[in-house]
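The first chain written gets the first letter, and so on, giving A, B, C and D; residue counts start at 1 in each chain.
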Amino acid sequence: MTDYQHILESIRRDVQPLFGKGKVASYIPALKNTDPKKFGIALETLAGQEYSIGDANERFSIQSISKVFTLTMAFAMVGEELWKRVGLEPSGSAFNSLVQLEYEKGKPRNPFINAGALVVTDVLIQHLPDPKADILNFVRKISGISDIEYDLDIARSERETGFTNTALVNFLKSHGNIVSPIEQVLDVYFHQCAIMMSCRELAKAFLYLANHGVIPATGERILTDSQAKRLNAVMMTCGFYDEAGEFAFRVGMPGKSGVGGGIVSVIPALLAIAVWSPELNERGNSVAGVMALELFTTRTGRSIF
Amino acid sequence: MTDYQHILESIRRDVQPLFGKGKVASYIPALKNTDPKKFGIALETLAGQEYSIGDANERFSIQSISKVFTLTMAFAMVGEELWKRVGLEPSGSAFNSLVQLEYEKGKPRNPFINAGALVVTDVLIQHLPDPKADILNFVRKISGISDIEYDLDIARSERETGFTNTALVNFLKSHGNIVSPIEQVLDVYFHQCAIMMSCRELAKAFLYLANHGVIPATGERILTDSQAKRLNAVMMTCGFYDEAGEFAFRVGMPGKSGVGGGIVSVIPALLAIAVWSPELNERGNSVAGVMALELFTTRTGRSIF
Amino acid sequence: MTDYQHILESIRRDVQPLFGKGKVASYIPALKNTDPKKFGIALETLAGQEYSIGDANERFSIQSISKVFTLTMAFAMVGEELWKRVGLEPSGSAFNSLVQLEYEKGKPRNPFINAGALVVTDVLIQHLPDPKADILNFVRKISGISDIEYDLDIARSERETGFTNTALVNFLKSHGNIVSPIEQVLDVYFHQCAIMMSCRELAKAFLYLANHGVIPATGERILTDSQAKRLNAVMMTCGFYDEAGEFAFRVGMPGKSGVGGGIVSVIPALLAIAVWSPELNERGNSVAGVMALELFTTRTGRSIF
Amino acid sequence: MTDYQHILESIRRDVQPLFGKGKVASYIPALKNTDPKKFGIALETLAGQEYSIGDANERFSIQSISKVFTLTMAFAMVGEELWKRVGLEPSGSAFNSLVQLEYEKGKPRNPFINAGALVVTDVLIQHLPDPKADILNFVRKISGISDIEYDLDIARSERETGFTNTALVNFLKSHGNIVSPIEQVLDVYFHQCAIMMSCRELAKAFLYLANHGVIPATGERILTDSQAKRLNAVMMTCGFYDEAGEFAFRVGMPGKSGVGGGIVSVIPALLAIAVWSPELNERGNSVAGVMALELFTTRTGRSIF
């Protein structure tokens, strides 16, 4: 049997030389002030085992990891219709690229670039009575943690400096791919990015994706088998901005990263694992986080490939 | 136990309505004259079972599927050094795009776009005494089929009309990313594309990728565990031109397609499957082939996700 | 001596077959409702002669022609410093392209694409006590027409539907190339586009560009000799969106067009000519307007080449 | 009356500080070995006056300046039909860009980027019995200099290292925009680039463009009035790679540069001027050459604007 705890400890030790090699996200004060030395990993297996190490219980800003939650909600609600408004292909360029958007006439290339996530948020606003509350409740349900909250300071800071996202949503609107008022889309979007969760909570929250769409703790089905498979595929090909290929190559698990320094990955039918380390590489992914997951698949011999 | 033969038969039945919806590749006579109604599937499990249906024993031009073989050879020979000359990210655009190449100063985005495959071929020429013979011998070895051959007419036709590939290799040379003479690179490249194999032979040949780098029939190691994992990851994110995301989404297996109408995919630790149907969609992938593999993962419940 | 009046009449006759070949701008109601059959030309020589034909005295929305006025004001105020924030090269793509802007890190390629004009407007806001009033007064001064006004309905309509320009200004701000508040930049910009002028008034207003920077009627210097030469050069290479090359080729005069259907051109040391015809080609330039100017240079034998 | 000789002398003095600020083209030995301190200007007026200074009588490799000659020949032969195969718009990017070409499906954006010039050369090959001899004879005719020759060493060197141009012509052929054999197009093209002329000879050769299409010395008409106007317009908007806008802005004359360090410009109805200084800026234009022409228009007060 795999000695996960031992492996997590060896990983913590071996990523130490990477501290100082990346940069904490600095575009808003709340992220800028994060301690760059924070490091945590949490692992949850479908068999019910839990392992963790370091700062695994400390909450941080999940940022783009939230795109998995909103995509799940939208996909469950509107099904394959969703792909008429957002594509499924890797972007081949940076996560906030206007270029790709313009060439493709306002249809974002995939739901994990910012433009795509804004369209997904717009879909939620169309279908939900109280989008901000409903998103929060969804995340509480899948994780089983009832006090998960938005960090309202972060949401406000994002709004005040969010010129690129404001540009994107206006451009999408000019192409008819945003239905709701721009201010509302941005408000919901910046809140979802400001959800605070720990590695433990994230690993628990992602278990439905390892479990073919069903929350293991409650048996509630969130996505069909096929939809869960498909969502994992989207994470595999598009989950790491323009580093998706390298992440698949080095790590070999579907997952999603955020500029808060978090990454969550799953191995279907087996486990979910979340890591947090705030220093980012040039492409916006956690330096030590990516390495930790690479070491994890190498040392356990587990990956999807 | 999964009744694979029964499932293959149901697939053949259900893809019938797709015939006539695509177009046979027509840029050289040898491909143009292929019977569009050809259809075959072959499945090989690591447990040694073999299943097939339709035209599974008829050889066709494997075209870009050969890029997996040459990449394997080059990766085994030069290791991670390879990625200094060719990238690992999905291209986000068509398979022969000069645009991507120019923006990235002559470093092809991945080894499965034509530019990347030309660089891989150049690596082989640098390291092999008789590249054309050596490639053929490699394919014979991994498949266990000793009479696999080049179709010399196809190789010659490709050369006569290969203006885009000639443009690519000259552009790569202008950036210093081709070492050998241009004519030699093109000669080897057009030969590798002209290898003739059947679905049966292709499924056998890919088993080492399902078997962590070892040929099951002989026990010979071709790639390390880690390299085999990595090669599967590259197929997952880059194996289907600019349709990689959709293939991952619909099918959920790493694989590689060719404009001859072939597709080969693997499920690590389980099986390899090859399908052939010459009619292509607009992105150069077999229409019925992609659908057949989607039905396969849906009906067997097997995929990597 | 050139019989300008006779030539103008022949032009009016010969452009008749073009009516119906273009489309009136329809993105805001005020433009959409313009009578597509409107057609006027006004010609003013430095020698003081005036010629006109058709609807030359009817005011219309000058739209992007206003960019010449604001550029003149900004260039006169900050001189060559201006080109640190906006480039001088033809755009090679559509007038509202986000692509070019992204590749060039927020420095618009020239002052006549929308992004560039927004930066110029931002410069005016930084330097003028009451930008909207000051712009209007400048246009009144150079034309000698004291009752030129904004059409406030058009300005408001533009604001309500101006998602692309809102996207541009947010994107510029994200790159630090907008100093003033976004709402103020858009407010001034949409007002300048909504200036109402007739062909007669436009031809008079442009005479300083034919006269080496000096208003002929008053002798007031607006630009230095060198600046006037340079502004004409910018109109020549960038004045017609992505049709600048063809306009230079066919017409051979520096000028500027607007989606209201107006075009104004000058021949240095000789004359200014304005034409109005609301139907636009696919690139946003007046169909009959471009032809009228081509016929003018052909029949008079006057051009800068 | 303008004292041209005095002005040329002042220019020579004032460009001295620029020596050492650029780099001599180094991609072939023959260019690389050029003395970077060479500097010459020659001026020819339609009134028959000749002025020169420095190395104005020393021949150098005219390189892309030859594109004006071949374009003139093709335009005279096939007329406006030419623009079906090559466009008229500024490229907005570097002179050998494959990107633009791909987006525009093999129709080069203008005749002065390399791709466009290759198409023009292909047109000549289609229409001329002995293209290399005919091009040389044309240049001898318009300049009145009977011993102008190709430098065969340069032509051969260009061929041996011309991977980018080989890429371009293959790409054009793949889009059906090259009719003749690739080797022949490249052979003629590399010869035309290798024509050797002095500033004096170039200024003489360009006089027909200042003279509405007629060679002043012989009265022979080369282009119609309209065609000469149009060719000047193309030089104005496209003659300086991606620096056309800045050249128009600073200098205000239509012209053409080459990587040999030459630039030739005309003021219609007045003069032709050629300058040579081998050190180039990053965009491939002569550093001291551009400055010399800027000083010329500033100090004479003559430009087209």
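By definition in this document, contacts are C-beta pairs under 8 Å (C-beta built on N, C-alpha and C of every residue); 3 or more make two chains touch, one makes a residue touch a chain.
The structure presented is a predicted model; accordingly, all values stated were derived computationally and were not measured.
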Q) What is the set of chains touching both chain B and chain D? A) none
**Q.** Chain located farthest away, centre of chain C as origin (C-alpha)
**A.** B
Q | Interface residue identity across copies chain A, chain C - same or different by half | A | same
Q. Per the centroid of Cα atoms for each chain, what is the distance between chain B and chain C, given in Å?
A. 55
Q | chain A and chain C: spacing of chain centres that average the CA atoms, whole Å | A | 47
Q.
Rounded to a whole Å, what is the gap between the Cα centroids of chain A and chain B?
A. 32
Q: Quick one: which residues in chain C touch 2 or more of the other chains?
A: none
Q.
Per the touch rule above, enumerate the chain pairs that touch, sorted by label.
A. A-B, A-C, B-D, C-D
Q) So in the complex, which bits of chain D are touching chain B? A) 97-99, 101-103, 163-164, 166-168, 170-171, 173-174, 182
Q: Could you please specify the touching residues of chain D with respect to chain C in the complex?
A: 87-93, 100, 109-110, 225-226, 228-230, 232-234, 236-238, 242-246, 248-250, 252, 254, 268, 297-298, 301, 303-305
